[in-house]
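Next come two complexes built around subunit A: one with subunit B, the other with subunit C.
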Partner chain A sequence: MTVISLIILLPIANALAIMLGAPARRSALLASWVQLALTLFAVLGYNRTVGGVQFGSSWSVAPEWGLSLRLGADGLSLIMLLLTALVTVAAIHASPRIEKREGLFFACILLIDAGAAGAFASFDLFFFYAFHELALIPTFLLIGLWGHGQRHAAAWRITIYLALGSIIVLVGLAKLYLAQNVALLPGHARTFDMIVMAKTPALIPAAAQGGIYIWLLIGFGILISLVPFHSWAPGAYASAPTPAAMLHAGVLKKFGLYGLLRVAVPLLPEGAKQWAHVLLVLLVLNILYIGLVTIAQKRLDTMLGYSSVMHMGYVFLGIAAGNAVGLSGAALLMLGHGLSIAALFAMAGHLRQSSPTLAFTDFGGIAKRAPFLGYAFGMAAFASIGLPGFANFSSEIMVFFGAFGSVPQPGTLSFSAIQIAVICGLWGVVISAVYMLRAFRKIFMGEDTGSAVVAEPKCDLRWAVIILLVALLIGGVWPKSYLSFIQPSVEAILAK
Partner chain B sequence: MDTAKLFPWFILLNPLIAAVLILVATRKNHGLSAVISVGSAFFGLAAALCAWSLPEVHSAVQWIDFGSALQIPLGVKLDHLAKTMLLVVAGIGFLVHLYSTVYMEHDESKARFFGHLSLFMFSMLGIVLADNFAMMFIFWELVGVSSYLLIGHWFTRDSAGKAANKAFIMNRLGDFGFMLGILMLWAAFGTVGFDQMRGMVNDGSAMQIFRQNLPAGQFFIHAPLYLTVAVLLIFCGAMGKSAQFPLHTWLPDAMEGPTPVSALIHAATMVAAGVYMLARIAFLIEWSQAGEIIAWVGAITSILAALMATQQDDIKRVLAYSTLSQLGYMVMAAGLAPNAEGGPAMFHLFTHAFFKALLFLGAGAVIHALHHEQDIWKMGGLSKTMRVTTATFAIGTLALTGCPGLAGFFSKDAILLAAFGHNKALFGIGLATAFLTAFYMTRLFVVAFLGKHRSEAAHHGHDCPRAMTWPLVILAFLSILAAYGAVPHWFGIGHHEGAKIVPTLAILAFLAGSAVGWVLYSGAEKEPLSVPLLRNKFYFDEIYGAIVAGTQDVLAFIAAGMDAIVLLVVRAAGGMTLGLGYALRLFQVGNVQAYAFIFGLGVVGLIYFLVFR
Partner chain C sequence: MQQVVPAIALEVSVLLLGVLMLFAEAFSRRADRSHMAKYAIGVLAALVGFSFFTQAAPDTIAAGSYWKFYSVDATALFFKRIALVSTIVFLVMALEYRHILARFIPGEEEGRGTGEFYCLPVFICAGLMFMASAVDFILIFVSLELVTIGFYALVAYMRRHTLSLEAGVKYLILGALSTGFLVYGITWIFGLTGETSLALVKANLISGFSAAAAGGASADGPLAGNETALLFGIVLILVALGFKVAAAPFQLWVPDVYQGAPTPVTAFLSVGSKAAGFVVLVRVLDVFLAVPAVQGKVTAVLVLLAAATLIYGNITALPQENLKRLFAYSSIAHAGYLLMACASLGGDFAVAKQAVSFYLAGYLLMTLLSFLILIVVARHSRGDEIRHFNGLGKRSPMLAFAMTLAIASLAGIPLTAGFLGKFLVFKTAIATGHWVLIGIGIVAVAAGFYYYIKVIAAMYWREPEDAKSIEIAPLTRAAITILGVLIIVLGIFPRPVLDQLRERRQGPPAQVARH
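Here is the complex of A and B:
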């Protein structure tokens, strides 16, 4: 039993215990802290000089297909596991009082946590996918049962969209599995083992890559809210209960990006080149088009939802760069965005107690009455718009440098196309300042004339936010603390 | 790392420690917070003075390191240029901290104010000490955010919040160009370090390296054009920070912040950062063809702002437009006479910092004494009741207007001389600006300080406590003396020969402007001269408002509409194909089976692919 398998097993066991009658909130809190401790233990215990996948364990499930539960972690997985553990702790702290079916509520949160952690720690294509499915179902439940506003419509829409996205991913993965050039593999049999697959050069014939890549791009794209498959996200986040919005926007949504990094980038480089222009157009739409939509929002929750969609464009830009700088920037931005959006949703959840619709016009001058909230929200907001000092900046700057400097190859991205995408991305930085500062001014500045009376958050929520902000600051001030894990993994992904 | 290398890090981190300490630990204790902040400013000044006698120090660590693909160091460099700027920042910084202890005495958020002030000092020192573009950009943005916090200090006023937002967004607009310029230079040079770039330019290898790094068929085939565009984009950053036309509109609004902030940030330091940066990249301006355009932007700013200043009634706004105008001078000089030691631009920055800080702090003393009255037409006769303030303000006015013998005269003369040698049209604009400067400052002084009391508050005004007057006196001395002795040599300016015509004309402009101002305003009870175009600042705010409303807001509206339509289409499609009504009922009862079914669908799909394909 390795520490990684414990990290996944712990929340599942805890969810079962809660369903059997253990005190829900308290045991969930305990489990999440233990999980964070275990994750930190794994991070500190990871041998960076050796690198590669460590803490490996494997249980054979269907040997005739080469299917087995392979768990482990390399640097990139560890950073994603850290994100999962941090946001879970914060999400449970930020959970409101649950009146009905409290046990099921916390069991769902823990299952999302377990599913996300499992996906990030799986090195088997099947379980990588299955763990994500495991996490999706409780997400739908949380929105449908404990959501607010038009929760049923939102829950139904997110279910359709994400189920569709998952199925498209599944088709892509299945095609990938079937397209393997078995002659290159040990034992001459197809495998689900992602480590073996990544280590085998030219495993997927170049001609077949484009056809697989587009399935994965659209499927993962739906999960990540890539334009034009984004319309589930803002409504779902507006309706979701606070911890569900935090966990989905902060962690689970990153599964799609992680999948592209882990599967599409190393296995389908030719496919990526083939669709590079499509990706560039879509990601620019994500940044500029969604940025404009965000400006037009009049409620905090949908504004945050759209801004989260918009920032996915920058991660895609890093992936489109395709070099170590851009991909590492994308990975670090996944962490930075996850932490900052989780903090913002946590505080939006607190504000919702005073104004169910979260309309900007309901608020005014809150910072005077609630200075902590003002500072914390301000920090998270500035982090999300890429202010230096937070992980979002250090990662975005890497994305920009990586994309701007990506070396042109004959017959691939023409140099200028990706540079234009970078210019659009830089313009998006201006747009994000416009909407975020306006929201901050309307809610926290001005006279205290809003109809909503907001008190300082309780201790629980304060800790949740502080934890997230500290992790963001570490990545902004000294990005190497995360990069020293991300960078070697990304370089290994790129090395053939 | 030997101890000398730690010294610049100490200078940089000292105010950060104070800021964190105040904001995290002592926010409830106003007195202690002020002590911490002022103490750190004092250490900063002491360190800046010590640094003057030290040899050049450079220390760096790799912040982001991808080997040959990308290296972003975090480095501090204490060279000659940094040392002179350090004197300005730390010197004025300390005086403003001291002054603020009284000015902000009764503010209910005094601790927050001092915390943010220290945060600003940290950010500004970062710009001064940065040894590469990326690090300068980091602190550039941090200066933007600390300025945002200080402008918005009285955030319960709606106008303060709006002004803070405007400042930040205008700065980000400039930073859009700045970052793009950095990326372009990095792509060409393969480094972000100032020294490395300068080395390549100086030894002539730069063009060769450009050819290696920039693939043929780029946007710009000709490296000189590429370079010029990159430098102009970098200059956009300076246009934002130094509030150059057309990004100038945020600075007058920034006067919503407390007056000490206006003195420190929006007169002496932050807005000077753009000029400092132009001095840092003087070697690039010299090598490219961007200098001419930069100079024109500066000249246009200087004359437009001077014109706008002539019709303002708010004492701080007159000074704000005057700052814009003087910054225009500096930028013009930076474009005309790029000089690694700073040249006339940094020389004027140096002297201007003292007399403009003096004028702002003097204005603050007046505002403080008159219980937040800022309209000069409601002042008048202050010379009788506020003697120290009046005397020091007069010295500041004379220094700014270019009275011979005071510091401002010499530095302005250096700029005019540079313009005279390069471009007679720019020289003409500079001279006209000098005339206008003398005119509007005489107007301000005559209306606010001389004549009769025009309000009850003006009648009862009195000099402020010592912690506020002492900084005024010290700055008044510096405004006189700051251009004597070896000072011009610090900026690489020798004794100028010939061209006696330039100082002569400058003195004439000073005399003429002052005389016109005196004649028009002496004894005036109300504005004798009304020019709506200038009073309304050439309608820039209205024009920009219309542009934003006509483009961004319309586009945002259209985009949001499109997105709503997409949503409707999806909903309709979903409703038709999947039986929305039935599905909703599933959710209402919270039927887990529905989800299990969907999950099951996924598994079935997988099995289908595995087994039957």
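Here is the complex of A and C:
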């Protein structure tokens, strides 16, 4: 049993144990810390000079389809697994006291965790897809049972949207599987094995790539909340219980981006070129249009929901760049965004205890009474904007540079489409600054209106936020620590 | 593997079991007949075991031997096991249901007159097993009737329950009509080819419609110009089978019959009858799709049927509040997915057939599991509306979890058998290029999520109407556990089923001697 399969099995086993009567919160907390320790063990044990997929295990499931449960991790998956483990620990620490059915609550959280970890550690198209769906029903239950506001409507919407997105992804993956040029594969049989597929150059005929790419782009786009398929996200995050919002916005949504990086970028380069302009238009809309919508929000929870939709645009920009700098930036931004949005949702969950609606007008001058909360929220907000010192800054810089440099400069005063997208995207940083700083000012600065009395968070929540912020600071001050894992994987993805 | 049992011994044993049970029913002094069901479960379970040790068909078939209309390829054995397993689960359900049943049966003491409820399914099982092996139109017809007549009686079994009687009448009239279509269609095919054996019909049709018949290079085959007659016969047969598998627009009987029939019968009907219909459909399509003259048109008819069935089943399921009725409409929807795979039989036949078979295996598990839980819950909540499932997560976490599993599988969530079936269906449709069907299928899956997950919402989101916990009989508990585990195992590790579906013998099937 490899350390990677343990990382996936542990939360599933723990969820089952909780349903059979183990003490819910305590065992979930223990399991999440063990998972983080195992992940760090894998990160430290990963041999970077050798590179490639390590800790591999393979279990043949249906040889006639070339299907096996293949687990392992390369640098990129390790970073995503690290994100999963960090956010899970923080999410369980940040869980409010659960009045009803505590066991079911933590079992659902752990299943989401297991699904995300399984998807990031699978090197087989089928299980890569299947693990992600493990989170679907738990998310539905979490939002519907323990959510706020219009929780039932939000739960229905997210479930139907994600199911629709998943089935579209499935059709795309099935097309990809069927389009393989069988003559190039070992044994002349089709395979679901992503490692074998990545090793085979020109596996998908160029003519078929465009038709597959668009299915994947729309399907993953729904899962990532790409405009115009984004409308499920803000409401769902606003209504979800704190840990569910943290895990979903922070980790699970990255599955679609990870899928594009793992599947579409290496296998469908021609398809990506065909649809490049569509993607550019959509991602600029994601940044600017959703950015403006975010500014208009009057409540903290929907504002955070929209901001998490907006920031996906930068990651798409890095993927659209299609070069090593842009893709590495995109991967690092996935980590940075996941950590910062999780921290923000954790603190929003704490604020909700004083004002259920989280309207900005309910708050004021909280930093005086709760300085820790003020500092921590400020840092997470700065990280989210992309100010220097945090992982988001280093990654957004890489995304912009990578995208701008991905095409030769046509002339001194003319720009190509992607460069125009970069110029538009830069304004997104200004927009983020506007809404984040405004929210910070309204809630934490100014007169203490006293209408919503906020106490300092308990020790549990402090830990959650500190863990996330430390990981963010490391990425900002010393980005090489993460990039030394990401870059070789990205170069391997591009090398073929 | 030892191959010691002649395959036909399985059917004969099931028939003998049925006859014995009839005698027991006639002469037993005990009013309570539940022991009969328990013995039958044991015997049928043993037969499932024996089915792994059957002899293969002989290589050459003598004139006059039963192998002319009976075959034991891997598909046949697979569907025999499906029939046996669904009959076993039916009997488990019937035991759980017996107190409700007795209320609607006239009799001086409880249990009197319920014996046939346990022994008719055994005869139906024999019919289903014969049908799995039938490669001749006559045997197909006879076994189909054995099944259908058994169901006529079972659907109307609760004699003091008006809904059950209404369901029985509706099923009888429409069933008899579809039988007429089937016979008439067979007659047309027989008139064209002079044969009833599927292999010979296929050979005669291919040579009859081929442009270059054995006689000369440019001469047309003897049947050239008779495409319309052939199509007429095919369409009649498709109509009859469409009735059996509940394909739109021949689905009108389904909701009322499913809701009115005793719940175990509904489950058996939706699994057994559907599986049998599809195994026959695959067998006859193997013949008809091999004729180039009509292949395109037959495929077009199947695409239309699949599209209509998917749309009708999924849209009408959306507003249902009664769980039995919901399952009725959703069973139409599942017939749509299966037809989607059947429409792809014209492409890679073996792959599409594997998809149909695997889908049916998954469908069997998840449908039986959900109905079994429905029976248990309905008995304690006194009703089978969705609201009777409210708060099941509190009343019985085990039942709620098992139901969640069944529902997840029905909706097609990965790591369950139902998802793998859907994946295979979509894969084969993509390979064949039925893009319209795939588009409809995607919308259908999304709609399916809505109406299935409604049940999960009721079980976990809502508060129970009465908080009494639910007692589960040991036999039922075992059946629920086995079905639930199988759903997950097949969803992750489909190899056992795939191995069963692989034909033992490679190459062409045995030649059948002509008259």
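Here, the second predicted complex is superposed on the first by the 487 of 496 C-alpha atoms of A that agree within 3 Å, B and C clash if a C-alpha of one lies under 4 Å from a C-alpha of the other, contacts with A are read in each partner's own complex, and residues count from 1 in each chain.
We adopt the following convention: a residue touches a chain if its C-beta (ideal position, glycine included) is under 8 Å from a C-beta of that chain, and two chains touch if they have at least 3 such contacts.
Owing to the predicted nature of the structure, the values given are computational and were not obtained by experimental measurement.
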item: First (subunit B), second (subunit C), both or neither touched by A:P205; value: neither
item: Touched partner set for A:I168, first subunit B, second subunit C, both or neither; value: second
item: Partner chain in contact with A:P356 - subunit B first, subunit C second, else both or neither; value: neither
item: Which superposed partner A:M19 touches (first subunit B, second subunit C, both, neither); value: second
item: Touched partner set for A:I137, first subunit B, second subunit C, both or neither; value: both
item: If touched residues of subunit A are counted for subunit B and for subunit C, the larger one; value: B
item: Which of subunit B and subunit C A:E64 touches, first, second, both or neither; value: second
item: Subunit B versus subunit C as contact partner of A:G45, first or second or both or neither; value: neither
item: Subunit B and subunit C footprints on subunit A, overlapping residues; value: 126, 129-130, 133, 136-137, 140-141, 144-145, 152, 155-156, 159-160, 163, 167, 170-171, 174-175, 177-178
item: Subunit C to subunit A touching residues, read off their complex; value: 393-394, 397, 401, 404, 408, 411-415, 419, 423, 426-427, 430-431, 438, 442, 445-446, 449-450, 453, 456-457, 460-461, 492-495, 498
item: Subunit C contact footprint on subunit A (complex, rising order); value: 19, 61-64, 69, 101, 104, 126, 129-131, 133-134, 136-137, 140-141, 144-145, 152, 155-156, 159-160, 163-164, 167-168, 170-171, 174-175, 177-178
item: Subunit A residues within the subunit B interface of the complex; value: 65, 126, 129-130, 133, 136-137, 140-141, 144-145, 152-153, 155-157, 159-160, 163, 166-167, 170-171, 174-175, 177-178, 228, 231, 235, 289-290, 292-293, 295-297, 323-325, 328, 365, 367-368, 371, 375, 382, 387-389, 393-394, 397-398, 400-402, 404-405, 408, 415-416, 419, 422-423, 426-427, 429-430, 433-434, 437-438, 441, 444-448, 478-480, 483, 487
item: Interfacial residue positions of subunit B with respect to subunit A in the complex; value: 23, 27, 63-66, 69-70, 72, 112, 134, 137-139, 141-142, 145, 148, 152, 155-158, 160-162, 164-165, 168-169, 172-173, 175-176, 179-180, 183, 186-187, 215, 217-219, 552-553, 555-560, 563, 566-567, 570-571, 574, 578, 580, 583-584, 587-588, 590, 592, 595-596, 598-599, 601-603, 605-606, 609-610, 613
